[in-house]
Amino acid sequence: MEINNKIIKLLDDLRERTPLVHQITNYVTVNDCANITLAIGGSPVMADDINEVLEMVSLSSSLVINIGTLNSRSVESMIKAGKRANELKIPVILDPVGAGATSYRTEVCKRIISEVRLAVIRGNLSEIKTIYGIDTITRGVDASESFDVSGDEFTKTKEMARKFAVKFVTVVAITGEVDIITDGKILYTTSNGHKMMSRVTGTGCMCTAVIGCYLGAGENNLIAALAGVVSMGIAGETAYERLDKKIEGSGTFRMKMIDVMYNLCEVEINKRSKINEE
Amino acid sequence: MEINNKIIKLLDDLRERTPLVHQITNYVTVNDCANITLAIGGSPVMADDINEVLEMVSLSSSLVINIGTLNSRSVESMIKAGKRANELKIPVILDPVGAGATSYRTEVCKRIISEVRLAVIRGNLSEIKTIYGIDTITRGVDASESFDVSGDEFTKTKEMARKFAVKFVTVVAITGEVDIITDGKILYTTSNGHKMMSRVTGTGCMCTAVIGCYLGAGENNLIAALAGVVSMGIAGETAYERLDKKIEGSGTFRMKMIDVMYNLCEVEINKRSKINEE
Amino acid sequence: MEINNKIIKLLDDLRERTPLVHQITNYVTVNDCANITLAIGGSPVMADDINEVLEMVSLSSSLVINIGTLNSRSVESMIKAGKRANELKIPVILDPVGAGATSYRTEVCKRIISEVRLAVIRGNLSEIKTIYGIDTITRGVDASESFDVSGDEFTKTKEMARKFAVKFVTVVAITGEVDIITDGKILYTTSNGHKMMSRVTGTGCMCTAVIGCYLGAGENNLIAALAGVVSMGIAGETAYERLDKKIEGSGTFRMKMIDVMYNLCEVEINKRSKINEE
């Protein structure tokens, strides 16, 4: 399948180039983000101080902004680093964790989007709806509106995703039971992954970090976003299959996801990827 | 056993309600706290910025305050969120990590206790003694005076626990080789767990997070505290039994504790819980 | 072998004394640093607030300063704690994470070195070269110039290490494929470890934490640095051997390193250590 070949090529490039991925992120899942970055073949650097983010981002192949535990100090660093990345044509991805849960998060997201040109935004449905300006309910940072993957609602969601991408001139990746990835023109839906991923903190953040790695390895933001979502989904579903359900749970599952990402290869991608193009 | 049934009922409610548990905590064990919250069936949100804690706590079913890596910024957020939780009748639990090790920690604990009405305080013996005003030695944040579980000393400790609960109008859970949980009237002692838990950072913090989940699922603070302590103890002792002692150590042990919490069920609680009521 | 006996003796002392190791470190790998400290037998305390570092370091057997995610607030705490440690003759180890990647990191390292007397500095080759004043390239915080372990280049590197130790009146540990540990007079090279360690975040930080534990257990800074490097190397190579390479990767590898450290013993050290004295 042609699209798989593009993902596989990008993964090969990633592993050859080991892009430095600068991540200004939260202190809850930062270790997992660093380890998943290393697992797939990138090189993470987590610097957030205003005194050094300009230099650090200049060395980097991509920039990940994640507002999971935002504060006034880190927000300034995010904006400053994002603007410099734009000047240097370094792609930037935003993870709007919990947008809608508090007005502070929503406002910070809007500010970042207005001041920084984003290659990709990855979030769950309620976060993306909030940013788009649709009334929705974000419950904390993990829970999310679920997709109704059949019928009208799903069609509307895809339409919203396209409009979102056009409005903000970016690629948007909405992840959930089914994922939607679009640049406003081409739209992919993917259905890898497993629902147990929602029982481990940071699977969304890790997905964003993995997209950040792919962004640092190539030129095509849409394929990078798709590759990240599919890679993370394969990691989740494969890890789930390898669990001894009688005694293993979310602790082992988390570790095995990182193992699968470490061993991700052409064979697995061809065997498992479930991608539809519309 | 009647008390087991209460715990089992609360666990069922927890899993049905998936309470949002707002945690203002430390950056050392925050990931473990989020993952143990998800493992038992809660939904964690770790927001600590003064600009959003009021809104975040308002969405939540309970609030966990953990001073493990306190600083002047986070302390203000703790107090502010705690007061709002009180207004909204959302239960608050305090983990006074390292109280007594430095005067700053002791003073912050006293300030929180004086300004926020606490549903539960969970700490080790030296932390609780410090707050109560008894001269003791807190060595860092992990080590603690051990219990002398026989004879006069233990009787005195239980008496102190009752007085502590009455003085501060709260439930107190003192965890160690034997655990004491009391609201000043009813007092439970429990002896689940394994001493290897002290070789993994954050088992105390995780216990507090689990109590936070139970607090968010029901109305009875004493049973919530007991359920949390027993659940964490069962996780520890079961994980220990499942270790291949020749080659596995504290790394695998930590992961297996989360696995056990994920799979915790009626059968395990009935089989393992060791609770005495006095 | 005499040197192994010194390491084994120090490990025994460590486990008997369970030194309290105060660590002012980064939020990426802090949990791993705490867990590796507990695994080898130390007691970690991660306090960084200016209001309490003086008291906390006074209770401690050693102080670890790690600039992985430095900021203006934590830098002041590092300096203040370091000076107090000096007054109290508590050994201090510096991990100059990413020195050279940004000028802020380089300057902070220089400031710490000028204001605090260091027992040990542990870094990779580019970090150490940067501090010494040799032009080099530090790419992020993980990557490092690799050693050319044969011929002239290696001889020059060892010479630089000796001069570094003399210039800064400290023990220096340069870790990489081959490690160099010297106080300026005696120089050890060691070659334990496995290259997969670079695919897990924080193996350098953990090595520094382990040296911190050994520093808190004895009087000989050179042997403490050597013991820490060799212990971490043994953890890495043993964990690698125990991997099921078909399905396990960096997630399992990380956990197994902590397991090996937990079970580290005389037999393993005698069987595995690869130390040369020059």
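For reference, chains read A, B and C in written order, and residue numbers begin at 1 within each chain.
In this section, contacts are C-beta pairs under 8 Å (C-beta built on N, C-alpha and C of every residue); 3 or more make two chains touch, one makes a residue touch a chain.
Because the structure is predicted, anything quoted here is derived from the model rather than measured.
Trainee: For the identical-sequence pair chain A and chain C, what's the CA-based rotation angle in degrees, nearest 5?
Mentor: 120
Trainee: At the chain A/chain B interface, shared numbers over all numbers used: above half (same) or below half (different)?
Mentor: Different residues, largely: of all residue numbers at this interface, under half are found in both copies.
Trainee: Find the geometric centre of each of chain A and chain B from their Cα atoms only, then give the gap between the two centres in Å, rounded to an integer.
Mentor: Roughly 33 Å, centre to centre.
Trainee: Which positions in chain B are in touch with at least two other chains?
Mentor: Answer for chain B, listing residues that touch two or more other chains: 27, 31, 254-255.
Trainee: Contact residues on chain A for chain B in the complex?
Mentor: 26-29, 31-32, 68-72, 98, 101-105, 139-143, 198-202, 246-252, 254-255
Trainee: Name, in rising order, each residue of chain C that touches chain B in their complex.
Mentor: Within the complex, chain C touches chain B at residues 18, 20, 27, 30-31, 34-35, 38-39, 43-49, 51-52, 55-56, 59-60, 73, 242, 254-263.
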